[in-house]
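Below you'll find the structure, written out as C-alpha cells, and then a few comments.
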C-alpha cells in the first residue's frame, strides 16, 4: 500500500494542470465533475490510507532512493494514522468547498478550481512529508495558491489589502523557515527529519539548534496565526469568498500546527525532550492566543472577521494541547482539529448563504433579516454549540483530552483559560446568530466598531445545495465527540506520533511495526472537571451573548464601571490590529526575537 | 499604530533577531569546514548510478525530484494566481492609450539579433542542463525573455500568437502535468513515484541520465510557458496590442 | 592553486553583497531601485561563481537580468502612467 | 573569513526586514522581500562550501575529487523560483491596489482594521 501516499499529491496536482489545459475543449459541467471527482477520490484514498496506517508505517521513498546504511538519500512520505487522518479531513473540507462553489462562484471558475486543487495537493504533501526542505516546498505551494484565492474579489480594495498582508507576512515566515533549514543542515548535514533527530540526539544542542528551532517554529506559527503572528489572519479571512475561507480557516491554518508537532516529535524532542521549556512556551502562546482572539471575536460585527478570530482562538487551544507534550494533549488537539475544521467550514458556508441572500454579512445590518431561515439557523447554532464544546458535542472530546493532559501535569489553571477562550468566541457567534436569525437585541451597538464595505456576490446560486453542504459539514463536526472508538484511536495515533526513535527506526532502517493493540469501540469518557468546565463555558457563552445583545438594559452603575475599565484595553487592542502590513512585520520580528530569547534563557546551560 | 511605535518595535525586534543570528553563527562550522554527509554522498553516487555529470541537476530531477515537482507547481499556481488577480486590470486596459512602437530600424535589427541569441542560449541551457551548468529553469526564463523581447522591439503582431491562451494553456498542462505523469508512470510500473525508468546512456552525452532528461524538458516547457504568461500578464496591463487596421500602416 | 586567489575574491564578493543589500533597500524610488537591484543581482551572481555554484549563478543571472526587471518595470510603468494621465486630466 | 559569510547573510536578512517594515511603496516592498530572501541563498551556499572544493559537475574530473555540496545548490535553485513567484504576486496585488485606490503605499491601504 505504499503507492497511496504519492497519489494524494499527484491526483489533485495533475487534475489542476489538465483542467487548465483542456479548458477550451471541455464543457463547464464536465470540468466541474472532473474537479470534484478528483478531490473526492483523493479523500477516499486518504481514508483507505488511514485504515492501512493503523497497523503499519506507510513509507514511500520517492524515486526509489531507499536509505543506505541508515543514511537517507531521497525524500520520503512517512504516514502514520495521524498524518493520514489529517489528509482525510483536508480532503473532506476541500471537497465540500468545491461542491459549494459549483454554483456560488461563476467568474474565473477554471482558475479558482485549479488553485483549490493545488492547495489540496500541497496540504496533503505537507501532512505526509518526512523531509525538512520538502515541507518548505509544500508550505510555499499552498501559500501561493492561498494568496491568490484570498484576493479573488479584485473589484474591491479590502480583498487586495487582505491578500497583501497575508502574502507579505507569510512569505517572511517562509524565509525565516528557510534560514532555519540552512542552520539545521549546517549542523546535521541532513534534510530527513528522522535522521536530523538521530544526529541531534548525540552531542550537545547549543545555540545553533535553539535558534534554528526558533526560526522553524516561528515560520509555522506565522502560518498558524498564533499571537503575535496572527494579525494577517483576520484581514485575509474577512475578505476571501466563503468557500475559500472554509478551506483556509478550517484546515490551512491548522497546517502550521501539524508542522510544529511533526518537527517537535521527529527532531527537537531529541535534544530538548528531557525538559519542559519548549512545551511551556508553546502552551503559553496558545493560552494567550485563545483568550485574546476570543476577545477580538466578541468585538466584531463582520461575520467572516468574527469567524476568523474564532478560528485563531481555537488554534490557540490546539497549540496549548500540543504544548503539553504528552499523548493526551496531542490526541486532544488532533480530535479538536477534526471537529473544528468541519464546524468552522460549516459556519463559513452559512455566512456565504447569508451573503448570497442579502448581499451583506454584517451582524448589525442583518438584524432580524434572516428570521425563518430554519436550516441555516440550525446549522449556525449547532456549529456554535459544537465550537464552544458543550458536553459531548463537537470539540468537546478533544478539549476534554487536553484537560486531562493539563491535569496530569498539575496545571489546572490551563483548563480555566482555555475554556474562557472558547466561551468568548462562542459568545460572539451566539450573539450574532441570535441577532440575525431571531432578531433579538438592538440593531445598533457602537462597541462593535465600523461596518466594513462589502459588495453583493453573484446571486445565481442553487440555494438548497449550499444549505445541504453547510448542514453536512456541521452534522459531521458535531458528531465527532460521540463517534465510538475515535478517542481511543486518537490517543493511540498520538502515542505513535510521539515515539521518535521508533519512527526513525521504521523510516531509516525499515524496522517492522510492533503488533497493534486491539482498541475498544466505545465512546471515550472524560473527566468530571471537563464536564463541569464545559457546562460552565456553555452557560458563560450564553450569558455573554445576552450581555452583548441587551447590554443597555443592565443597571447603569454596571455599564459605567464596565466602560471605565474596558474602554482603554479595547481601544489598544483595536489599534494593534491596524491592518497595516508594516506593523505586522514589526510584530513578527519582535515575536520571533521574544520566543527565541525565552528559549535561549530556558534551554541554555 | 503610529509610525514611531512601529519603528520602536521593529528596532527592538531586529536587535533581538540579530543577537539570535550571532549566537547561531557562533555554533556553525567555520566557512569551508562543512562536514556533510548528505551532499558528499550524492557527489559520489549520482554519476555512477544515474550517469548524470551535473550532480546538482541529478539532485534536482532525480534524488530530490519531488521538490522540483512542487517548484513547477509553485510557478504554475503563480501564473494562475496572477491571471486571477489581474483579470479586472486586463479588462480595463482596453480603455487605455496605445503604445509607441519602436520604428528605428537599427533598434529592430539589434533586437532581432538579441532575440536569436537569446533563443539559442535558452535552448542550449535547457538541452545540456544535466551535463553542464544550466537546466530547464534557467533555459526557460531566458527563452521566455527572448520571446518577450521580440514583442517589445518588433511589431506587436509577432507576439500575438504566443499571447493566445488557447495555444499556451495546453503547453503549460503538458509541462507541469508531464512531470506528474512521468512520476505516475514509474509508480504504475511497480516502482516508486518518480523513479528513473529509462536507459541511462553514456555520461556526458545528451542521451544520458534516463528520466532526468525527460523531466528536464518537461520543466523547461513548463517554465518557458509560465514565464511567458507571467511577463505577458504584466506587459499586457501596460502595453496595448495594436488594432489590426493600424498594424499595417 | 586557486585558494590563494580565491579567498580574497570571495571576501570581495561577500563585501559587495553586504554593501549592495542596504543600497537596494534605501533606494526608495522603485525605478532607480530596479536598477540598483539589478546590480545587486550581479554581485550575487559573482558571489555564487566564487562559491563554486554555477547552476544557482546562472539561475540568478536569468532571474535578475530578465525576470525581475520585466515585471518590476511593467509595474512601475503602469503605476507611473496612471499618475501621469491623472495629472493630464487635472491640467 | 571563517564567519564573515554567515554574518553577511544575517546582515542581508535584517536589512531586508527593516526595508519591508518601513516601506511606503508596495513595489519597493516587493523588492525588499527578494533582498530578504537572498539572505537564505547566501547562507545555504556558504554552508555547503568546502575549502579546495570544485563545483559538483564531474566532466573530465575523477570521481572522488573534492567538490562542494550539491544539495544546497539544488535548494537554492528552488528558493530562487519561489522568489520570482512571490514578487510577481505582490506586484500584481500592487497593481490592483493602485487601480482601486490610486496609491501603492501600504500604510494608506487600510480598508479593514480592528
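Some notes on this structure:
Letters A, B, C and D mark the chains as written, and numbering starts fresh at 1 in each.
Methods note: contacts are C-beta pairs under 8 Å (C-beta built on N, C-alpha and C of every residue); 3 or more make two chains touch, one makes a residue touch a chain.
Everything numeric in this text was worked out from a predicted model, so none of it was measured.
Graph distance from subunit A to subunit C, where chains that touch are one step apart, equals 2.
As a whole-number value, the distance joining the C-alpha centres of subunit A and subunit B reads 32 Å.
Centre-to-centre spacing of subunit C and subunit D amounts to 11 Å, using the average Cα coordinate of each chain. Inter-chain centre distance (subunit B to subunit D, centres taken as mean C-alpha positions): 16 Å. With each centre defined as the average position of its C-alpha atoms, the distance from subunit A to subunit D rounds to 28 Å.
The multi-chain contact residues of subunit D, meaning those touching 2 or more other chains, are 1, 4-5, 13, 17-18, 21-22, 39, 46-49, 51, 53, 55-57, 67-68, 71-73, 75, 77-78, 80, 82, 84-85, 88-89, 91, 93-96, 99, 107.
Subunit A has residues 133, 137, 140, 144, 147-148, 151, 154-155, 163, 183, 185-186, 191, 578, 580, 582, 585-586, 589 in contact with two or more other chains. Chain contacts: subunit B has residues 6-7, 10, 14, 17, 21, 26, 28, 34, 36, 38-39, 42, 54, 56, 64, 67, 70-71, 74, 77-78, 81-82, 85-86, 88-89, 133, 135, 137, 230, 234, 237 touching two or more partner chains.
Contacts between chains, counted with the stated touch criterion, involve the pairs A-B, A-D, B-C, B-D, C-D. Those residues of subunit B that touch subunit D in the complex are listed here as 3, 6-7, 10, 14, 17-18, 21-22, 25-26, 28, 30-34, 36, 38-40, 42-44, 46-48, 53-56, 58-60, 64, 67-68, 70-71, 74-75, 77-78, 81-82, 85-86, 88-89, 92, 131-133, 135, 137, 204, 230, 233-234, 237.
Across the complex, subunit D is touched by residues 133, 137, 140, 144, 147-148, 151, 154-158, 160-164, 167-168, 171-172, 174-175, 178-179, 181-183, 185-186, 191, 234-235, 238-239, 299-300, 305, 449-450, 452-453, 574, 577-582, 585-586, 589 of subunit A.
Across the interface of their complex, subunit A is touched by residues 9, 13, 17, 20-23, 26, 29, 33, 36-37, 39-40, 43-44, 47-48, 71-72, 75, 78-79, 82, 85-86, 89-90, 93-94, 96-97, 100-101, 106-107, 109-114 of subunit D. Across the interface of their complex, subunit A is touched by residues 1, 6-7, 9-10, 12-17, 19-21, 23-24, 26-29, 34-39, 41-42, 45, 62-67, 69-71, 73-74, 76-78, 80-89, 166, 169-170, 172-174, 176-177, 180-181, 183-184, 186-187, 191-196 of subunit B. Residues of subunit D touching subunit B in their complex: 1-7, 10, 13-14, 17-18, 21-22, 46-51, 53, 55-59, 63-64, 67-75, 77-78, 80-82, 84-85, 88-89, 91-93, 95-96, 99, 107.
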